[in-house]
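Letters A, B, C and D name the chains as they come in the text, with residue numbers starting at 1 for each one.
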Amino acid sequence: MELILAVVSGTLFAASFYLLLRRNLLRFVIGIIILGNAVNLLIFTMGRLTREVPPVIPYGQKVIEGAYANPLPQALILTAIVISFGLLAFTLVLVYRNYTVSRTIDADRLTASEPEQDVDLHTQKKRLPA
Amino acid sequence: MIRSLILQIATRLLVPILLLFSIFMLLRGHNLPGGGFVGGLVAASAFVLYSLAVGVDGARRVLRLAPRTLLGTGLACSVGAGILSLATGASFLQSLWVKVPLPGLSDPLKLGSTLIFDIGVMFVVVGTVLLMVFSVEDRVPGLIDD
Amino acid sequence: MLLAVLSVFAAAAVAPLVVRLSRKAAGWILATVPLGAFVFFIRQAGHVTHDGPLRESTPWFPAYDLPLTFYLDGLSLLFALLVTGIGTLIVVYAGGYLKHSDELGRFYVQLLSFMGAMLGLVLADNAIVFFIFFELTSLTSYLLIGFYHNEEDSRQAARKALVVTGAGGLALMAGLILLYQVTGTWEFSEMLAMGDTVVQSPLYVGIFILVCAGAFTKSAQFPFHFWLPAAMAGPTPVSAYLHSATMVKAGVFILARMHPVLGGTELWTTTLVAFGGFTMLMTAWLALRYTDLKQILAYTTTMVLGLLTMLLGVGTEEAIAAMVTFTLVHALYKGALFMLAGNIDHETGTRDLKELGGLRSAMPITMIGGLAAALSMSGIPPFFGFIGKEITYEAALHAGGWSTLILGASVLANAALVASGLLVGLKPFIGEIKGAFTREPHEAPLSMYLGPCVLGGLGLAIGLYPAFVDHSLLQSAQAGILQEPHELHLALWHGVNPALIASLITFAIGFAIYYGWERLQKSAVMGGFGRALGDAPGDGFERLLYELGRSSHTITRAFQTGQFRRYLLLIFTGTIVMVGGALLFEANLSWPSELGEVRYYEAALAGLVVLSALAAVRANDRFVAILALSIGGYSVALLYLLFGAPDLAMTQFSVETLTLILLVIVLIHLPNIDGYEPITSRVRDAVVAVGVGAIVTTVAFAALSFPLDRSVSEFMMQNSYTEAQGSNIVNVILVDFRGLDTMGEIIVLTMAALGVFVLMRMRRIRLPEILGTRLHSDDEPIRVDGDGETVPAGAEAGGAADQNGAEVHPDEPAGAEEAAPDDQSTS
Amino acid sequence: MKVLLVLPVLIPAVTGILTLLLRRSRFAQRALSVLGAVALLGASSAVLWTVQTNGIQVAQMGNWAAPFGITLVADSFSAGLITISAFVAVAVAVYALRGMDVEREFFGFHTLFHLLMMGINGAFITGDLFNMYVWFEVLLIASFVLLVLGNEEKQLEGAVKYVGINLVASVSFLTAIGLLYGFTGSLNFADIATSMGNIQEAGLEATIAALFLVGFGIKAGLFPLYFWLPASYHTPPAPVAAIFAGLLTKVGVYSLIRIFTLLFPDPTGYTKTLLLVVAGATMVIGVLGALTERNVNRLLAFLVISAMGYVVMGLGFFTTLGLAGAVFYIFQDIPVKASLFLIGGVMERETGTTEVGKMGGLYMHRPLLALSFIVPAFSLAGFPPFPGFWGKLTLVQAGLATENYLIVAIALLVGVLTLLVVAQVWARAFWSPAREEGLVSTDSPLQRSVLQAPIVVIGVALLAVGLYAQPLFDLAQQAADNLTNTAPYIQAVLG
């Protein structure tokens, strides 16, 4: 099953990277969300899979006897999920706020911060100004 | 704000239940699935629901604490739990435990600094969700004309 | 010696104060420092010439094996005396020359820093210390050349000098480091004995080329000769000091220093003689093109630098004798002549020969000093220059295979020098007053004629009595270069010998040029020659910079297009190349041997995750995309649940829901996600995306082929209940084992929330306000209430303020800042 | 030791929280901000001093022995970095007293600034891979918000690019962590280092190393991953830009060095070549970008990139000397870059423009500023007696010693071009005459000195280091020793 999940994760990676490269910034945001799932799934798989036995010590015992799901990747993913939620919320609102100012969610039209004419060469004299 | 009588009545019922449930989730987290994060989300959803029913201003009034104060308090709890350990000579974030024997129960109640930590997490989650939702719902007028 | 160097720097530090206290006497006061150093070196001279080199070492940078070592042998003594001696006169001179400048204080800082650097350079024994001072001279001379910084030409000239010498400096640095690798020492004095080792090392050619690059750029050898005449844009004291007596000689100095280490090979001789000789001949004649006194002097300076380089290349006993002699000769007369040019410029307002003439009565003292120097330059007996020329010819005659060529070139070059000397030192004073000067010509003040007179007088004195320097100073300098003592004897009269005949020929040609100068100048040959070798390199350099600028712009623009997607595409492609390359070229992948147990509902769920992702990719409607996204997210949550991660499932589920809500709230206000994109870009992106996915999967497969070491998790399980008092191991990890992660996590959440708050609530602060020069603000004034809502002041209804509506910053409310006086715009 | 090592993270955290809670008082915020920065400097210096006297310091969070909990580790490299960062933080905090406006302060500048410092310090002293990821996210989100603070169109747009690309970097880092966990089952640096042998396949190591290179390379602004940097660094106000330029890329390159030396100590030829190619391309592309750039802050942003190329080159040699050069270069580049961006801010205020060509008159009218500019600028160009020279000298020496002549030639050429760039800024903004209206700033002399004091202090410090580089170079050399000989590090962590 690990292998299948590795493929699933890889597919999610591919899907999200494709979305990241789209013109529409909302698709970019969607890509980010899928990317989060992809990497979480990857970590989960890397911790190897154990069916149905959560890492919770049964009442009255001090340790778990027998197999149990690997708790460490779970904790990592939990942290990662929360963090990526924070980042995602920010990104989403950023795209929105940027839209209110620049009126576009077209990634190809984000050029105000890097204007074409920001080079300084005296064209007539052919001299680098000093 | 959604003007709906059903929603308003439902909200009045649901909000206390949700808040209680969130505390339950927080407390059981150490031994069973749950914890500060989930608890915080439940509590936050209670206030979000309330804000949908009576508006952001109303929710803010009920909340009493500004979301940013919640954030600061939550962080202060969590970091404070760590500092508490340091102050007692233990390592940073080392858990400290006090066993309180309760009458009528065989097991003593174990209170740990991790609980303070988890409460901090819960506060931060509530503050985060509310600050986000309030900001988005109640944004600067005229940001966009749609 | 350290003290001498430091005292000059100290003088630089206090210079502005001195100028502020006494503008008139500042030059005289500050000159005492180099004078003191000069006296100090004079007093060392006896020791050096008789008992051999002095070496002193102060610990400085032990981690780099780098003490502050100074080494005073004949060579450095000669240069140290020039630096401090002429430096004294220049400091005095500058006080007069720049009397009215607002920036006299800064000028002295730069000049004295330069002097300290130059002194350190010639004294340094440690290659790194030497290099530091070497670069420091480049930096300070940059500032000095650009002294008239309001003029674009000055700035351009300074840039030219800085870039050329800076580039050479870096080459020199590499050369010195290689030298260190070969010799294992940074100390010159220790390297001097290791010439054989160095020459036989495979790195020799590299070292030689790099050191030459440093020396040739600094000493303005062809093809780098163009920066020096341009540097005449600096004030005259600078030209007199840096560009005649000191800095430009640093290149020659390092070649001389390196002579025992790198010299003596075919490569050394050929290169130095060829470049030096060509520079000498070319620039000597180029000097005749100009009517500007400083330009003439500048080109004759490069001529001498070429000559010195050539003599070092020849490297015989006579050649080195000639080299040290001419160094002194040149420093004496060139310093004086620059000061002369400065005096004329200063007192008449011009230094153009076409406008100058008949100044003998107006400026008699300047004329005497200047003329003495000029005659020395022209090599007319009994001046010191004559001896210098004679000994040069003598060296040329004994130069072995190159002899004839060198002699011929020297005669031709010296002939031009004769003419130049007369042009500069004689022509302005004789004849009639030609044009209307912008100022009434009058004699310069004492501070300004002192220099030319002292230096000119010295030229005459040493010419008459060469024994004053030959056995002591020059001989030990020669010994410093050759590392073996030789007898050096100078005399005015050697009898009739080939050198004298060559001198006579030189005079004949030189006088002829002088009289035919105006015709020569206008001739087409001279014009073409001048354009090709005089103007073209400098123009070419500027053109190079321009083209560099243009191409750099083109290259930058090719990458930094401003297009977000292109950035991402390049990054992803780069990722595939870098990571994929490692996989492709390096890895021997192992594959997991078996698939393991797969249950149908798990596979179905996995399929659902993939399908929903693909649906999100394909969706043309934002809400369809969100729906697909949520289905995928919830499916992942279910997967977590199936594999024993209830906490994860719960969190994933709630976060997914929260995300959904946020997406819906925001997306309502945004346009849809449809939009056509050409199939080519879609295919290209798909290829990149699949590439990334494939890499991740491949590495994951490789990882899965190993058994996982679960000892960390095992420890956590063992201790979760017993030590950390919790049964839910995941939660115990979060709040205890890895509590720091969680702390970071909630801080991230906090700031994300603050970020959303900022984005949604903060008004747009327009650019001029960022600059702190608030020109105008077209936003309405704002008021900040309890939770930071920014409410346009006009829009607020009277009763709307809630209990939190107090002003946040009573001391400085946000809305009031525009009224604060310090923020008022100047426009 | 339990306390001391936590302080570099704890102090900014507490300061950040307090400024958040006391947001209603501008005075309290400012006082706390400066005090917090000063306290941070004190604590960091104490850490540095302890490391210098007692060797590598380790603190186990929650008292869980490594590798089971999270370990904080301070060796000379980390301790040096946090101390220098704190120094810059103090300078920025003081500068911000005048360089920040009331609205940005109200909206959380101080909080974000200190939490950013927390993330930076955390990344510097953590000994745990996933914890490092968390600190990365802390500093990332802090930088996101600081970047948009002001909501100017350029800021938002630059932020979209910055955020987008850095999210990819985080994910790439996290992916690498996940995969490495899959191989080794551990997250602790030292523990992973001991079990890297499990992989038994140099090629796979190289692959994971390349994956880390992507994640950190984006953060560090390396070619071909740097595009976000010139797109965004010129948009925020000077204090923010200064802290970004001084510290953020350094975190990326620090992590790169830490991971590569500790986890991949025996790189394959591919990895070495890859690093050197990346380094060369980075330094070239950076300086070319700066060469004709009009906007002073963007120009400086390109120079940030170029400097990173030098550092990675030092790593790419994989020798102690190369690492010493790289570490020293980082050490001195932090204050240099911060100072330059602060100066850039003053230049803007004084001339009312960001365009270098339209500035002028600063040399005449602001000699102190001009003097303070020369130090970091020519340090950047590698001129003695400024500290950049020592960094460059060591790197060139390391390159020549390993016979990597091509990259050294490129580095030297880039040095010349940097010199040209610096001279251009100097000549045009400082030397050339002021425009007709003169300088436009309305700052009073006191306000001006608030802005200039941190710049001057950094300048003096840089000059002092340039003239007496021994202590800092010693530290860099110790750090390089620790990086090449990892046994003491592993020993200190795992006990």
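Heads up, the rule we're going with is that contacts are C-beta pairs under 8 Å (C-beta built on N, C-alpha and C of every residue); 3 or more make two chains touch, one makes a residue touch a chain.
Note that the structure is a prediction, hence the values are computed from the model and not measured.
Taking A-B and B-D together, the pair of chains sharing more C-beta contacts is B-D. Legend note: the chain whose CA centroid lies nearest the centroid of all displayed protein CA atoms is D. In this assembly, the C-alpha centroid of chain A lies 26 Å from the C-alpha centroid of chain B. One simple way to say how far apart two chains are is to compare their mean CA positions; for chain B and chain D this gives 36 Å. Between chain A and chain C the centroid-to-centroid distance comes to 43 Å (mean Cα coordinates, whole Å). Rounded to whole angstrom units, the spacing between the C-alpha centres of chain B and chain C is 58. Residues of chain D in contact with at least two other chains: 13, 16, 20, 23, 61-62, 130, 134, 137, 141, 144-145, 148, 151, 153-154, 160-161, 164, 168, 175, 179, 182, 187, 230-231, 292, 424, 427-428.
Residues of chain C in contact with at least two other chains: 152, 155, 158-159, 545, 548-550, 553, 560, 562, 564, 568, 646-647, 651, 655, 658, 662, 666, 669, 696, 700, 703-704, 708, 710, 712-713, 716, 727-728, 730, 734, 736-745, 747-757, 759-764, 788. Taken residue by residue, chain B touches two or more other chains at 31-33, 37, 68, 71, 75, 79, 82, 92-93, 95, 128, 132, 135-136, 143-144, whereas all remaining positions touch fewer.
Taken as a contact graph, the chains are fully connected, with every chain touching every other chain. The touching residues of chain B, when paired with chain C in their complex, are 29-38, 41, 48, 57, 60-61, 66-68, 71, 74-75, 78-79, 82, 92-93, 95, 97, 110, 112, 114, 117-118, 120-121, 124-125, 127-129, 131-144, 146.
The residues of chain A lying in touch with chain C in their complex are 1-24, 26-27, 29-30, 33-34, 37-38, 40-42, 44-59, 61-64, 68-72, 74-79, 81-83, 85-90, 92-97, 99, 101, 105-108, 110-111, 113-116, 119, 121, 126-130. Interface residues of chain C, counted against chain A in their complex, comprise 152, 155-156, 158-159, 542-543, 545-546, 548-550, 553, 557, 560-565, 568-569, 572, 592, 595-599, 602-603, 606, 609-610, 613-614, 616-617, 622, 625-626, 629, 632-633, 636, 639-640, 642-648, 651-652, 655, 658-659, 662-663, 666-667, 669-671, 673, 675, 677, 685-686, 688-690, 692-694, 696-697, 700-701, 703-704, 708, 710, 712-713, 716-718, 720-722, 727-730, 733-734, 737-738, 741-742, 744-745, 748-749, 751-753, 755-756, 759-760, 764. Across the complex, chain D is touched by residues 60-64, 106, 128, 131-132, 135-136, 138-139, 142, 146, 149-150, 152, 155, 158-159, 162-163, 166-167, 170-171, 173-174, 177-178, 180-181, 545, 548-550, 552-553, 555-556, 559-560, 562, 564, 567-568, 570-571, 573-575, 578-579, 581-583, 585-590, 696, 699-700, 702-704, 706, 708-713, 715-716, 719, 736-741, 743-745, 747-748, 750-752, 754-755, 757-759, 761-773, 775, 782, 784, 788, 806, 808-809, 811-814, 817, 822-827 of chain C.
By the touch criterion given at the top, residues 20, 25, 28, 32, 35-36, 39, 42-43, 45-47, 72-73, 76, 79-80, 83, 86-87, 90-91, 94-95, 97-98, 101-102, 110-114, 118-121, 128-130 of chain A touch chain D in their complex.
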